[in-house]
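Questions regarding the structure given below will be posed in turn.
In order of appearance the chains are A, B, C and D, and numbering begins at 1 in each one.
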Amino acid sequence: MTLKTPEEYFESIKRKVNLYMFGEKVEEFWKHPIILPSINAVKKIYELAHVEEYKDLMTVKSHLTGETINRFTHIHQSTDDLIKKVQMQRLLGQKTACCFQRCVGFDGANAQYSVTYDMDKKYNTNYHERFKNYWVEVQKQDLMVDGAMTDPKGDRGKRPNQQSDPDLFLHKVDENDDGIVVRGAKIHQTGFLNSHRAIIMPTMAMRPGEEEYAVSFGVDITEKGITMVYGRQSCDTRKMEPDKMDIGNFKYGGQEIFVVFDDVFIPNDNIFMNGEIEFSGNLVNRFAGFHRQSYGGCKVGVGDVFIGAAALIAQYNGADKASHIKDKIVEMIHLNETLFSCGIACSSLGFQRDAGNYEMDMLLANVCKQNVTRFPYEIGRLGEDIAGGLICTLPSEADLNSNEIGPLLKKYLRTCDDINVEDRYKLLRFIENLTMGVSSPSYKTESMHGAGSPQAQRIMIGRQGNLEEKIKLVKSILDIE
Amino acid sequence: MTLKTPEEYFESIKRKVNLYMFGEKVEEFWKHPIILPSINAVKKIYELAHVEEYKDLMTVKSHLTGETINRFTHIHQSTDDLIKKVQMQRLLGQKTACCFQRCVGFDGANAQYSVTYDMDKKYNTNYHERFKNYWVEVQKQDLMVDGAMTDPKGDRGKRPNQQSDPDLFLHKVDENDDGIVVRGAKIHQTGFLNSHRAIIMPTMAMRPGEEEYAVSFGVDITEKGITMVYGRQSCDTRKMEPDKMDIGNFKYGGQEIFVVFDDVFIPNDNIFMNGEIEFSGNLVNRFAGFHRQSYGGCKVGVGDVFIGAAALIAQYNGADKASHIKDKIVEMIHLNETLFSCGIACSSLGFQRDAGNYEMDMLLANVCKQNVTRFPYEIGRLGEDIAGGLICTLPSEADLNSNEIGPLLKKYLRTCDDINVEDRYKLLRFIENLTMGVSSPSYKTESMHGAGSPQAQRIMIGRQGNLEEKIKLVKSILDIE
Amino acid sequence: MTLKTPEEYFESIKRKVNLYMFGEKVEEFWKHPIILPSINAVKKIYELAHVEEYKDLMTVKSHLTGETINRFTHIHQSTDDLIKKVQMQRLLGQKTACCFQRCVGFDGANAQYSVTYDMDKKYNTNYHERFKNYWVEVQKQDLMVDGAMTDPKGDRGKRPNQQSDPDLFLHKVDENDDGIVVRGAKIHQTGFLNSHRAIIMPTMAMRPGEEEYAVSFGVDITEKGITMVYGRQSCDTRKMEPDKMDIGNFKYGGQEIFVVFDDVFIPNDNIFMNGEIEFSGNLVNRFAGFHRQSYGGCKVGVGDVFIGAAALIAQYNGADKASHIKDKIVEMIHLNETLFSCGIACSSLGFQRDAGNYEMDMLLANVCKQNVTRFPYEIGRLGEDIAGGLICTLPSEADLNSNEIGPLLKKYLRTCDDINVEDRYKLLRFIENLTMGVSSPSYKTESMHGAGSPQAQRIMIGRQGNLEEKIKLVKSILDIE
Amino acid sequence: MTLKTPEEYFESIKRKVNLYMFGEKVEEFWKHPIILPSINAVKKIYELAHVEEYKDLMTVKSHLTGETINRFTHIHQSTDDLIKKVQMQRLLGQKTACCFQRCVGFDGANAQYSVTYDMDKKYNTNYHERFKNYWVEVQKQDLMVDGAMTDPKGDRGKRPNQQSDPDLFLHKVDENDDGIVVRGAKIHQTGFLNSHRAIIMPTMAMRPGEEEYAVSFGVDITEKGITMVYGRQSCDTRKMEPDKMDIGNFKYGGQEIFVVFDDVFIPNDNIFMNGEIEFSGNLVNRFAGFHRQSYGGCKVGVGDVFIGAAALIAQYNGADKASHIKDKIVEMIHLNETLFSCGIACSSLGFQRDAGNYEMDMLLANVCKQNVTRFPYEIGRLGEDIAGGLICTLPSEADLNSNEIGPLLKKYLRTCDDINVEDRYKLLRFIENLTMGVSSPSYKTESMHGAGSPQAQRIMIGRQGNLEEKIKLVKSILDIE
């Protein structure tokens, strides 16, 4: 059966990895309270694929194997597939209120699929076949795959080969008949740790002389030479405390991993690009395009939960009838649905590549992500407005439960008669969680920098905006030339 | 042949109408220089339907007659039809840089189609058949049809039947076996004058006791009892001056008509609603929904031309390489494409009504229009920034062409060596045209108030936002209840 | 007596000038209906100086002559003077709802005062004495003085001496013992025509080799060699029509003049800079600073009237109790008062120059103007929202007054019982006037480009923002270095 | 000597208080690592008062005692005092990058001063004398005083005496010849714990029947019946970890305290209002006004440090020359200085009360605070943009210092050659600190809700906006009425 259960997934990731946190090696990471919520988020993907209601979104028939697969391993075969991808991501955002990590590899694979095809066409290489074989295995085993792109990049004013340390961009340092050896690092890896495999891609378009940096390949997370360091995020240690309500979202959460590749060997079968610099930009742009599309789904889902929280806290406070509160909630919905519109539109106007797969509209995917770098911040600001200052004054859960001080707190945290103080407490912590707590990196910083920082989208919008055509339009109306 | 040529259309509207402008009756309105640009905009629709390149967008097979028809008379049969509608509107905006007036009746018909069906189902009336017959004729003759909704509304704090003058909302004042007699006014009628027919709809959801106001019907523009008064708009008389460049867009333009119905008789065959108050809201909302979708196409097209103008004037000024100019143009494109995304998304997620036709997604259509009430203003502001203060200092075309003063002006209006001063002059006037001149009502005020003012969309967003579902999402994550 | 009455002012400007409009020479410009409103705006300044209630704002004791003078000719002697300047400008904006044109020369003089002093100190020149003599005469005769800075600038990518036509920047073309001869043009001259004199300044900081462009001087408007061409603005010819209500603001208005200097001779006594390139930037920046401060007063006053119009039309429509209307008006006030705050703050934190006069805070003056390039647009947008679509559908005054059609229009333009339809008509036209009609250049384009385009302020904000100091602050807290 | 040294202040607060945190009683709170940074912020106030460079801002001569006092205990005697207050607050924001807590009592005292005077005038009470005596003692001992206003408020839809628990608004529960007994809670008390005393004020304007809620008084922090519970904020426990860099700002920080008054006795001498409901609104509004003014200083100072951090991290990343980075920093400065302008303007236009003290302009103070509820969020968003995703991926300081993993991290965190990796690490943590870490409540949530939530300011702006006057302006221009 190609669809793993969440339990099967969970069992499958229980293996030795080279992970550090707080300066120490982490053994059995799947038991670590800081990491567990991020595993739960991934498990949700596996779980929903088995739920009747969601099967149309969560599963699909593979064009490679004919089998029913989790959509997260699918190569899009139509614009309908592209739309369902975004809807599926919204669904998962709604169920987890955080980053669920599996789209990066998904987006990487869809980019890889057409780029390898195009490379083969030009160079008579066989990258496409290799990649298909690699990916059939992923589909068959329902594997979780990370996609890794961002290099540390050192001095931003310099090219890869101008850095004082050549490793600041991941590159090939050796090669033999069986494969290549790579060194460098990939940062901001949300899904690396909880994945079985990862697809590594160059961080930007490479130029002549930078061939060693134009490498792409698949690799197992447990491969020799890989070291992971766990990124420290807001309020992370609340997850290690005995009480759970203070976490806010005590079930699900994201994470970021700093991954170092210290002379890792990659066998030929797993190499999907090896020096073809003129295709490195295509791979980056297509991956980024797919991933910018993703944000029009996942962050919208998180926004849905956040808006629900804002509406509910207004009810709890007895303020939900105030016209300014209602208007702010309308604005939050409006902004959130604008993001969704962008996600849907770039999918709906997708097109077919020569390789046969479907790709989103590049301009609108960039427009989508650009809005994502703005609106979640404003939605968050409006939510803070509605929630009130208590998100910063609320004592700890230990205080709330203390025999000494708890009753006093409960007395003064009451609002409307039918409101349960503990529910109100949870809700305030949840709003804190998304605006400045455990999941604020998921909802805000990721929205800013994931799939490329705002300026990266602006460059693409400038390029894709077809200014020459627009100039022709005005010239035609004004009889100029 | 069902597709009129632009010339045939032009001939067909040369008939007596009851129109006033500047206090005087207008004879042969089709020769009036203030009106001609708006006729030209409509003609463009008829013209493009015959251009091979645009046939897929501009024409379609009627599901009623099986004939090829202009898409502007089509009843949408799929989400693909909905998407093409928006793309067609963008195209026409690009070709005219103003309002082309034909979508209102188009949107009214698509709303009427399903509402009459639903009414018949409930009341065993035969409105749907009547409407289909009426519309088949429209398709067969490729008629231009206006949609009319907005009543003067008098005191906004009062219901129709509370007004001191009951005619401030259009209503039925008499009825016999053959039909009804109506009195009232419909304002903001962009396309009424240049149309053959109009579909009149109630201005809002009516309540018990307001049955006489719940009327909808088709009517010929030339019908006895109809009086039109031409709205006066910014810089209108420039179109009557001998020189043309000062107009800005000297080919195309919009308009608004104030239409009074003074005891107009409507025969039964043309009546599509007659007192069914509980369907009046449906008709208003569905029409508004279709029309809010439209704005995600037409104003985007105008935006394309305006962005082209901004980019070109920057070149003319030798300023196009400045990073802040480039960034502002990227922002203009970004905002414009966000509008388009909303137009596409509400189309792509459309659904089928019981009547068989397709309707856009109501929430996203309202989100679309809400953005349209904001972004064209910001796009306009950025364009004014790029254009420079000259859009307000530029002397008249007569000065430019004067023997005495012209050479001096031309000397000082030169910029880069290869720039034609007259082209620069045209372009500056065009930017003035859209920001504060002849077409500013088309690009800005219509974006604000067309298809309902901002608050109308906010009410719908609040209703459609499904807050209860969002609250359930957060409760589920937090184990509340 | 140093305070001219408005009538005296009016008489004093009745003299031959070399002015063109619509390709023809204008004789007796003071009778021209397009120009009269702009003269009225200036007259208001002279009028209010005689009104007891406003004397504290409008008049002041000259530090040069000891006489009571109109504040518009004052050299600021304290921060209190700077504050009163802004308050006076707000007052005049409130009384005219347009540009009143006299601040440019006022601001130019205050810049000139300290720059001539600084030049003399360095070069032992006697510019300061010359300028004081010149200005004493202005104060004594209560003259209206324009300030002229903006050159056509040709190709923006090139310096003055790189242009194919050297005259695209105004420059000295000849010199003898008695004075200099200048050639070039100054555009965007709002107040030139209605002034007695003008102070001409360089358009930007000049560099070595550009000495001939670093000239500043006083000149009479009627001087031989000066040609004015009247800029054409939105709806200008409505002012020539028999009816007045369609104008919107039928009393006051702004204008822009294109001024050409064709070998104009300037005697030594009126020359205030002649080749001192290293002071040209100072003159530009100080003038721009004073003028950017001005915008924190004048446009706020216009905003006050516009907000009043929006509030009143809401009452007329019976919509003033709606919460969204009230909230929009609060937002308009908020934005308008933010502009005022910036105008007051840069005044309050002003400082004394070596010459003894007071200058506003440079950073905050630029912040002030930067906000002015944004908020009037948003205030205007909100006003259009509140006004409704009628600002674009309203028939002409001739229709309203027509025997045939007028009664019908009046019937349907009624709203609340106690509302006079004509008042409502006036008000709608007034809102049109400021958003896309006669005064939209005054309220919007001038806000954008007057005293320098947005990017000019951003450059100054970047320079004045003292980033090094801010970096020190964070280093100090983090013990860095 | 009236100016305590920071050491003296620190010694003076070492006394028993009834404080809880994490469910447990805190003994010797001045040693608690979570609390220490907030004490440090207060100490900074005492420290700077002794620094020559800052004496003009930090100290002033008391009009009550003639002694030199810390300005934080001053009753403003001029608009210059009001301006210096804002400048002093900016200074302290710059030195601490967080909330320094002493302005609340300062603002409360200035409101109390005039309100007690006005009450006495009406009722022949002697509150003003009492308050002066109380405050002379504060000045003489250079005491830190908190101001306490916000009640829990229970169900927002109900008045105080409609709540099911009457204690949800603090009220008088008993009274005898010597004083009164109060019960209730004051939440969001930033400065309570580190203060010697507090001034308690009603939370809103009270109405007839709510006299028991209209009480105001001074009280010692250590008074019997007072219980404090420490609010839990983002990343608080990082301050308890052995490493300090992960805190971000490891020196200074804010806090919020939940304070319960359980039958606290207040002697007559310390009572400043006792049932005078019609003055309760004045007290609330004047206090709120002073406090909204404060935000135009303190958050601007924090903004300065944050902007410095953004500029420095751009340098560290080698990205400071990129035009989009420079433009974003200009925007941050622009927004920050707009806030400052509002703070200065409402001070500069202050006026004298009958009591002799000076009060800020009420309208502009509310405009100031309203902007503060918006701009720090946008400044923060821009800072996150510039900082890059690393603020969420950065491993812990323990990782950085680990022998095993540290060298690898340091290798890959290098950027430009001359950059110290540890400095970069600190800076990234500092940006995290203000955007989602320890001080995000200080910079963002406090900016939103401190001195009243956004809607509170909008209500005041609506009231103070003088709409009637604005309507008169437009009527006058249009000859209406």
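Just so we're on the same page, contacts are C-beta pairs under 8 Å (C-beta built on N, C-alpha and C of every residue); 3 or more make two chains touch, one makes a residue touch a chain.
No experiment lies behind these values; they were computed from the predicted model shown.
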Subassemblies held together by touching, subunit B left out: one piece
Set B-C beside B-D; more C-beta pairs touch across B-C
Whole-Å gap between the CA centroids of subunit B and subunit C: 38
Report the inter-centroid distance (CA atoms only) between subunit C and subunit D in whole Å. 40
Quick one: subunit B and subunit D, Cα centre-to-centre, how many Å? 51
Subunit A: which residues touch two or more other chains? 324, 327, 458
State the interface residues of subunit A toward subunit C in the complex, per the touch definition above. 323-324, 327
List of subunit A residues in touch with subunit D within their complex: 20-25, 150, 152-158, 164-165, 167-168, 185, 187-189, 227, 229-235, 237-238, 246, 256-258, 260, 262, 317-319, 321-322, 324, 373-374, 377-378, 381, 384-385, 388-396, 398-399, 401-402, 404-406, 408-409, 411-417, 432, 435-437, 440-441, 444-446, 448-450, 453-455, 458
Which stretch or stretches of subunit B touch subunit A in the complex? 83, 94-97, 249, 251-252, 304-309, 311-312, 326-327, 329-330, 333-334, 337-338, 340-349, 363-364, 367-368, 370-371, 420, 423, 426-427, 430, 458, 461-462, 465, 467, 469-478, 480-481
